[in-house]
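Input: structures, listed below.
The same chain A turns up in both complexes below, where it pairs with chain B and then with chain C.
Right after this comes the complex of A and B.
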């Protein structure tokens, strides 16, 4: 089995697992897909979430009619939350790609700039960056519309964190691939574009998914720039009606549902990407 | 409002109003209580008759010019602050400040649009032209006047000290050694820290020594914590209008003592945007008219059940 696996293209022979680990993996996967396991999983969630809901309801502070009246208003903020998150993560990927290429560069000024970007942006609070883009840039004559300012600040910030993820992804592509590409006569740029980056993308997809899920919650910070997304609506209504307890729990539940949805989508995407590795 | 471009007399009037309005906070000097238009604009008393708002000449490229050309005025509001500003489930706004802003828009002959940036972004200035005016019960202080230009006060609210009902405290002195909560960035926080200053109108009497202060993001968060059962602080200082709103909502809030100070609240515009002198001149006249014809009093009675628009008697 080791010999067969070692001959697969793109697989580093030193990374091939031993027979025992592969059998353990299969056993675990079979167990998780069994009906009994799944039923107990759902049952446990039911008990835990149900218990939590009952505990919250027993405080007597959740007024269903109040929430029912305001729910459409709160949910009206969800499209903006999703829009800001999706667009921001897309631009963050662009920033991260440029940053990562800078971080592996051998040209000193490029490497220095990329390192400064990562250090400065990771080292200052996101809310300060949003404030800066929104309120301080106008002093230099750059007035960005609120949504552009919010998205730019978010993507610039997340790009710095994802730069290191992308750099690790690029460096994780086996050297054999680059050597083979050079042997075929590809230039450095062609190698990067056609061989290394596609494989690096596969490695970093789980990490991007993680960042996106974090981004959904960080999108709440754009409320600073007058964007009425989900969290702002819940918090404002809660403060004005002395009902912060209920409105914030409502918002938390909606964020949780959004996260579950996108996590499931991410798992599906990962499974599709792993198909080329499956032997069954 | 229809613009009229006639005569050097208007230039003279404009100059007088510019003199009256320069310095932002200069209009907080208490008047004798008579509600004539000239009373709220000290320095303009030299003019025999107050000209109508229709005669203010917009400066080309100025704020008034920008608003008239756009046909709409963008107003910032913070709807966490009932009964001054609150949002309805359909997303529209209601409240005393909202009524005042709508009235200003009506008198200007433009539509009113609302935006909801963070309160700290509003008080910091540097709005970048994203909104034109703030009608948000903002206290006129010299610090804020560095970044913003204020209209004369459109109303005055007493700052009321309150305690959590179960503490049994009955006087402000009973709070010595205890903690009082207020909203971040509010004058109530400044007063508790002894830094509140109304500029030419002087400083209010300081709090008794030994009272500690703490802040939460907005005023209404303080009694909300009491409702939640937290006992981190014993007192809450806010405007009497917000306190009344909390008491009406059955929160465990009890007033103690007389109001600790009266603060003038004005409409604010951004100094760093287009020139504001024409718009502030127009606002000065319009707010004086709104005081005189009872519009502001009517709004005050509607939302607060009391008329807070009368200037303080010295």
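Right after this comes the complex of A and C.
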């Protein structure tokens, strides 16, 4: 900018310099105000969370010694919570992909089946589905280990919700892409696999991240089929020792920290994707 | 250039006959081997009695077209006249309602009721591998690098070995002058470069005929030239091409014949100098007058988009894809003629 202006005859060099100064001043002012905003944000959280902690502590019901003693046991459930969530979301993606292909199918029975899947699963409570898989199926001789039952129920349920996400992602791929592939002689299957799905996946990745964070919380439900994950450990310990208050708060805080961690990671990933989109 | 002049000498103008008077299902009355066509060659592509209805809307009313090897055909007409539909019906992106398409000896009859049958779709794929298509909106695959855009279909559809497909792709990339963009993603390219890659992608399938659907209409005016140059080189190099376009200069320079289409039928066709300079049919005359008026206006200054409706005209200047061609599109619905 400066170079261009400086090359032009009749432009006062001192004026150019003062413009540069103003630009720099504006940038500095912006940085200052953004820093101030962030500091106030952190300060407010500190006050609110601190106040809440003091309020909870002032009830006199939080026995620090007790929590310190049991904390390793509670936290020992975190790996299982994460394991169940990760495996379930992976299977849910598979269910969702099959479901979405069914939902865009022009073959009536396939479309009908996929639609029934989505309707039935979304229309019934997750906790009922989990109990059904774990407790009702054994009456027919299908006995699944708790972890298999839990993961199956969670992924079957999330698969139904994500079916609609995937379907929307597939339909968001521009029509011209499909036409271009067809015009090159590609079959419907080749077009779906090579052109539509790769673009649809990029579209739905942020939504999958949201579902994963929801999954971490919903994974607490598998404690009801006796999986000893975080919530099960907090609940059973709490009720056995008449300490539900502090154990549940402890569990809630751990869940909260987990979701904050993963949503920060997700935001970082999305930013990376946006940047690479700009670059590519 | 020499070739265009040659073509002009050898062709005589066919006087105005409406397609309605030509027998439906019969041959193209305007067809004749072009200047570069080898002696005794049969047409590469024949469209016979193509008709298309959208619901009750009769969009194509029996179009016949024959294009001989190494010929370039331009189709001109207002938007909504059916020219894009004709091209899309030719490779069954739209299933024609009635009619037959023959490309390189493969004949497919329109069969809208059995459009999803396996046999019919196999036939359509045969035709599509022989007819390359270039779209107005380029439609490059954004998730693939340029080179992969070019090799995907040859490998997947024709079963060409990968190394060979890459060599072919590099050859055609060089032909459109974009060898250095081999490993870029499409979003990194300008519109003109994207369209040139799209042309190379169509060429990489080594089709018998190339079809262009308004290839420069989505381009910024400053980028049109580079695309037209590539197309002119192809035309003069002996490619067989059908080009739907508003670029009269291109038609004059590169076409063996120009077809004027209105209301879904060919009104008139002939060598560009005859048809563009001395149109016989009043409808053609009216269209060409309007086009040259728009071009004058577009050249006159910063004015790029002109819309006329019912005698009133509004002029919008400045940026965007609102080119002179759009102005012509705007005319489509003002119910004249």
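Heads up, the rule we're going with is that the second predicted complex is superposed on the first by the 242 of 280 C-alpha atoms of A that agree within 3 Å, B and C clash if a C-alpha of one lies under 4 Å from a C-alpha of the other, contacts with A are read in each partner's own complex, and residues count from 1 in each chain.
Quick note on the criterion: a contact is a pair of C-beta atoms (placed from the backbone, for glycine too) under 8 Å apart; a residue touches a chain by one contact, two chains touch by 3 or more.
It should be emphasised that the depicted structure is a prediction, and the values quoted were computed from it without experimental measurement.
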{"item": "Chain C versus chain B on the shared chain A, clash or fit after superposition", "value": "fit"}
{"item": "Which superposed partner A:139 touches (first chain B, second chain C, both, neither)", "value": "first"}
{"item": "Partner chain(s) touched by A:43 [first = chain B, second = chain C, both, neither]", "value": "neither"}
{"item": "Partner chain in contact with A:79 - chain B first, chain C second, else both or neither", "value": "neither"}
{"item": "Contacts of A:186 with chain B and chain C, given as first, second, both or neither", "value": "second"}
{"item": "Which superposed partner A:177 touches (first chain B, second chain C, both, neither)", "value": "second"}
{"item": "Touched partner set for A:195, first chain B, second chain C, both or neither", "value": "second"}
{"item": "Contact breadth on chain A, by residue count: chain C or chain B", "value": "B"}
{"item": "Superposed arrangement (fit on chain A Cα atoms) - minimum chain B/chain C Cα distance in Å", "value": "48"}
{"item": "Footprint overlap on chain A, comparing chain B with chain C", "value": "none"}
{"item": "List of chain A residues in touch with chain B within their complex", "value": "61, 69-70, 72-73, 76, 131, 134-139, 143, 145-146, 223-226, 228, 232, 235-242, 244-245"}
{"item": "Footprint of chain C on chain A - complex, ascending", "value": "106, 174, 176-177, 179-187, 190, 194-195, 198-199, 202, 277, 279-280"}
{"item": "Of all residues in chain B, those that touch chain A in their complex", "value": "76, 79-82, 86-87, 89-91, 115-118, 121, 124, 126-130, 217-218, 220-221, 223-224, 227-228, 246, 249, 251, 272"}
{"item": "Complex contacts: residues of chain C adjacent to chain A", "value": "91, 93, 116, 121, 125, 128-129, 131-133, 135, 137, 139-143, 152-153, 156-158, 185, 187-188, 201-202, 205"}
